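Two complexes come next, and they have one chain in common, subunit A, joined by subunit B in the first and subunit C in the second.
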Partner chain A sequence: MSSQPILSVRNLTVVFTIRGQKFTAVDKLSFDIERGETLGIVGESGSGKSVSCNALLGLLPRPQAEITGGEAWFEGSDLLELSEKALRKIRGKRISMVFQDPMTSMNPYIRIGDQVMEPLLLHSRSTAAEAKERAIELLDQVGIHDAARRFDQYPHEFSGGMRQRAMIAMALITAPDILIADEPTSALDVTVQSQILELLKTMQEQRGVSLVLVSHDLGVVRRVTDKLVVMDRGVSVERGRTHQVFTTPAHSYTQKLLDAIPHTAKPETYRFVPKDAPVYLRAKGIRVTFSIKHRPFTAVDDVSFQVRKGEVLGIVGESGSGKTTLSQAVLRLVSMEAGEVLLEDIGIQKLRGAALKRYRKQVQMVFQDPYASLNPRMTVHDIIAEPIRLHQLAEGGRAVTAKVIRLMQDVGLSPAWANKYPHEFSGGQCQRVAIARAIAVEPILLIADEPVSALDVTIQAQVLNLLLELIRRKGLSMIFISHDLAVVRYMADRVAVMKDGRMIESGETETVYASPKERYTRELISLEKISE
Partner chain B sequence: MSKLVLARILQGIPVLLIVVTATFFLVRAAPGGPFDAERSLPAEVVKNLEKRYNLDAPVLHQYVDYLGNLVRGDFGPSFRYPNRSVTELIRTGMPITFELAFYAIVVAVVVGVMSGLIAAVRPNSLQDYLPMSLAMTGICLPAFLLGPILVLIFGIWLEWLPVSGWGYSPGDKILPSVTLGSAYAAYIARLTRAGMLEVLSQDFIRTARAKGLSMPGVVFRHALRGGLAPVVAFSGPAVAGLLTGSFVVETIFQIPGLGRFYVQAAFNRDYTMIMGTTILLSCLIVILNIVVDILAVWMNPRLRKVR
Partner chain C sequence: MPENMIDSLKSLEQIEFEEGRSLWNDAWVRLKRNRLAMFGLWVMLFLVSISLLTPWFAPYGYEIQDLELGASGPSLAHWLGTDTLGRDLLTRLMYGGRVSLLVGFAATAVSLAVGVIWGIVAGYMGGSVDAVMMRIVDILYALPFMIFVILLMVVFGQSFLLLFLAIGLVEWLTMARIVRGQVQALRRQEFVSAAIVTGLSSAQIMRRHILPNIMGPVIVYVTLTIPAVMLFEAFLSFLGLGVQPPQSSWGVLIATGVETMEEYPWLLIFPGLALSITLFALNFLGDGLRDALDPRSASGAGGVHE
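Moving on to the complex of A and B:
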């Protein structure tokens, strides 16, 4: 490694003006990256990590964002001072980017191959034929089989992981000096995540590219980076060699981040005691099929499970494994082709009228995206009060409000906020509102579908602990659905692993964790252990 | 793809049947008849005329006869111009109306898309406000007001262009085309702006910029196709509107097109002529909508079937 850094950022400061209010998104950020080195920038949402990267290439939204200070030296020139025209010669040629969501970051109207070779045509004198040859070669190298044929396909014909591979090929085709990857794996499934990280690492090593990896995921950063910068609300709170930061974090925020994800078994106090607890929910041989383009597709195939009073059943699986469809079948939101669901020994399929309404009250749902699942035009009070009124659990406005206030206190929200709207709350607070709404009707079973996946890591732990506390206090049962094995392990008494619509393995969480029977489960566990 | 086309064409048939039926009975339900004039004709003459045109038969009978003729491509004789068939009359007026509509749609698309693009590249700036205010004015000004204003400015004051006629002098097609096209240009400008703003805020635009593309490169290579989708969807109804709405412009500029026949036929209760023009125009509307639907699918790879 040369001693001269290839990119040297000093005191980068970015100010956003939103509705006349100024706030500093990045405050005096400094870092160096040497040739062939991998730098991680870690932080939660809103910490300014993506803003910093976009600032370097002049990709910030104008006129809201303004770079108010600092310098970024790259090959003798200050990127922040360069004209748009000069920057265009660097973008995509010397410094390339890979973005988070490959679904939206590729143009849906243009063939994959044309998008991959575009930077080469733009920045070099290659003919279309040469560029195409190079693009196919590179697509092949990033692991796209039959690249020559897939060259002519459109993004929607690629899976998420394949699109991200194509994005990487697109970024590398001009042989850049620096590759900035902004949350390159966050939108992908865990097993795919791991492959993409491998690929980035190999590509970087083969080509001697410097890699800047921006992520909120400490596990990801730990796996691939040499050194890292930890950012909190625009300020870099810690810098250092990666292993050093992980073993001896100097700053309290870094410590907090490291502590946030519970990589432990479920806490003793919350564990389920099976002693003569009745079975609440029993599902037998559930099978759900959809027809996609006139072809039948089995989303859930012969799945059986049961949940006892006070027990948490974790369901783990990647996207498309059928875990959400399964929960919808239990809620009777999709119809089952075969199988039955019994709640307290009563089959739910034939419920009508008052009995169905009672069932809907007994089983409540907490969704993934707290913003999308709360009505933005209702106050928090009205959101929580609505189901109380609907199921006539309190008579009169005063009694309803009293109940709302009690619920808000239960989920750790100040009742003083009752008249605020969802957008005035943070993601974690919104999820608390959603939980309050779910428990407002005094259900006996909660179904939580990825309840913390949209939240920052430090907030995740709080919401998880809240759920555990509520379950114990109110004697609820819960089906906890997640793609994140670490989270499921922390929450669930028993775990069921789903793959391609089938439940391939289930058992006591710690037993499965210690000695998984299926290969797929072993793979999931090993991936999780790496990021531990 | 061919399956889609076939399905859409088959869907058009019942639509046309409904239009034919509704028009047939509605024109007959309207008070008055083709042979009512200021000076009433002797009863015997009317009776003879009605016999000749099969109007004395029961209405249902007439309807079945008419459908039968229609299938054979015969629109019947005009009640008002006894020696000419409806087909002949349409054939004289149609090319002129089509030509006018064609120029108008060219004006509408070129002016509309250009100003929409200009506005979308720099939203909320003068570059945006100016064309958009013009567009708003264009939408608000009806053709019967805009036409005379244009005639006044370019025909009478500046004496650049002829004030009326069609095909007599080289410039006489400009004012009618602009008059007819301007309202649609304005709509298209607004649709283009909205569509482009939506696309330009997408993630893949940032990707395109990160590749080092210039702003025109981003707009034309990456944004335009998606941004014009609403314009394409609108263009079917727009062309239909141009064809049917050309009457006002044809009157202002003394153009012997189809629109004038159509309106006169309605006033004269020229049943066969009303039917003929209505069927022609509804056919066009159905066809144009099919074309637009197919175009929308063709433009969006996600809608195209992978065979």
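Moving on to the complex of A and C:
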């Protein structure tokens, strides 16, 4: 293992200038990668992990970003010193890249096959026919069935996982020495994630490519990499063999990252729902149908469930399983084709006017994307005050403000920030604002749709605990929706598993976790255990 | 709990210090820091106040001719020269500005009000409401609007009010389309869902959540519409449907100036300059307003600093 490293980065420093203020995005980052080795770069958003990869390939946004120091030796030349022209010969040929979102990194107007063979046509003297043959061969190897026919399809005809497979084929077609994968699985479903990781690993082993895997997901990094670099705010705080870092982390930040993911059952203190607690919400035979291109598509099919007072019902499922649509049906954001929802034995479908407004006061929602769910042109004070004013929960400006302040304190925000706008907050803080807005009307049921999946791991745990604490203090019930089984296990008293619009299994969380009945549930749980 | 109460009372006092901070207050603060936009604002205020005071300030009467003098270049008696009939150009520019600015602002205001409301309702309600509303827009678009305007004039005779109405009624169509597109994208944002879940009515959501978020493109379009309307008025006047001689407007002055461009260039240069200055001022002001109304833009950073 003491061979010459293929890429050797020393003291890479990148400085961003934003509105006249300089900040160091990457500070003296060093690492080596040998032929055929897999290196993981782990960190939360803003840790500089993507910036450092982009710096190596000359993809930094100019003129805001500037490489102020360091070197990156690749085959006897310093990548950071190369001209754009020289770099272009390396980029895509010797070092290629796979991006996070296969939706946006492929051009929707160009056929998959043409995109896959493009790097080969650019970088070698292959004829179109040779390139096409090679592309089909590779598409086949990355697991696209019937590659010759699929070659002529457009990106929208591919699923997310298949697009990511095609991206990998495209990155490998020039037989590069190094493959940089920036969060290659973060936009994919868990079951697909694991297939893509498997594929990356196989390709890397078969071809002896060196793989740089950038990820915020410790589970992913642990499964695939030989060694890793942990980054925190631009600084690499820990480097070492993956196994070693995971068993004996040396730096407190690494420890914090490792501790952040709850892999436990729901804490005892939050399990207090008596068996005979009254049922708040009853849903029977819900069916929601959309028409997509004039064809009916059943998003939710015959789903029934109930939520008792003080209980957290977890709903797990992958994207497209209908879990979000189900929550929208309960909130009357979409209309149901069949079935009924009863809140305290009152049907919600026919509510109008004052009765509907009362229902809106009883059931509240926390959304996935904390930035998108807050109006960017309202101050945090006004955002939280809006439901208070609307439902007349306080009289006069002073009383409203006092209530806003109390709510901000409840969710752990400093009241001094009341006059700031959402963009001035971090994602976790925005989610706290959204939670404050939701509990402002003193609801009895809170629906949380992936409330932490857009947040960094260390923040996730804080927000989850805040939600549990609020439920206990205010005696709320909650429907907690997530694709992440570990998170649901930590939060929910009972869990329901959704697949293709149906609820295939439900029961007490620990019972389902210990002895799942359905094959699909077992698969989810086993994937979960790998990354644990 | 008592501790908590004390805390909140204390912070309440801190916050009251800044209370009343709203989007509009903040926007004004930000606008004031943008020197270019403030310059634009002052220029516009200057032009508007001159227009208002023209009847008392104008050096001559707009219809007073001096046929013996004829067209003469700038002099002490006539600062900007005179036209072919010997009328003082400065006077005519001042009176023309009254017409041009009034038409520009009034017609744009009509198109702004109608277009924005129409676009928001169509975009937000969607479905069949949207389909019907936008088909109406399509049909009006398809009408040759010159014929439409001429018909209006023929039926109702010539009046200033009709001129605003006619231009405004044509210009709102584009505004409605722009706004509708923006609203359709906004409607899918989670904060709109959050507002529905909170219990706000559709009208409340459109006013409080949609409207402030479409101000950017609307303002930019308005700054483009005002000069376009001024030129449109010149065209209508040229057809004999707008202001009639001896009255004038900037558009009319430019149109006549073009005819004698080679012999008496000042007759084109000065009206052209007046229109250009207005256009520049409006653009600076518009850009500044757009930035000021977006809390995400750098506070106070306008064109000057960037």
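The definition used in the following text is that the second predicted complex is superposed on the first by the 528 of 532 C-alpha atoms of A that agree within 3 Å, B and C clash if a C-alpha of one lies under 4 Å from a C-alpha of the other, contacts with A are read in each partner's own complex, and residues count from 1 in each chain.
Rule of thumb we're sticking to: a contact is a pair of C-beta atoms (placed from the backbone, for glycine too) under 8 Å apart; a residue touches a chain by one contact, two chains touch by 3 or more.
Quick caveat, the model's predicted, so the values are computed rather than measured.
Superposition model on subunit A: subunit B and subunit C are shown accommodated side by side without a clash. By the touch criterion stated above, A:Asn107 is placed in contact with subunit B alone, subunit C being left untouched.
Superposing both complexes on chain A places the Cα centres of subunit B and subunit C at an angle of 30° as seen from the Cα centre of subunit A, in steps of 10. In the superposition on chain A, A:Gly92 makes contact with subunit B only, not with subunit C. Ranking subunit B and subunit C by residues of subunit A touched puts C first. Look at A:Lys357: by the touch rule set out above, it reaches subunit C but stays clear of subunit B. In the overlay built on the shared chain, the residue A:Gln409 is in contact with subunit C alone; subunit B does not reach it.
Shared-chain residue A:Asp382: touches subunit C; no touch with subunit B. In the composite built from the two structures, the nearest CA pair linking subunit B and subunit C is 5 Å apart.
When the two complexes are laid over each other on chain A, subunit A has no residue in contact with both subunit B and subunit C. Here subunit B touches subunit A in the complex through residues 202-204, 206-214, 217, 221-222, 225-226, 299-302, 306, going by the rule given at the top. Residues 54, 57, 59, 88-93, 96-97, 99, 101, 104-110, 118-119, 122-123, 154, 156-157, 167, 170 of subunit A are the ones that touch subunit B when the two sit in their complex.
Considering their complex, residues 4, 7-9, 11-12, 14-16, 18-19, 21-23, 189-191, 193-200, 204, 208-209, 212-213, 293-296, 298, 301 of subunit C touch subunit A. Within the complex, the subunit A residues that touch subunit C are 19, 328, 331, 333, 356-357, 360-361, 363-365, 367-369, 372-379, 381-382, 386-387, 390-391, 397-398, 401-402, 405-406, 409, 415-416, 418-419, 421, 423, 434, 437, 441.
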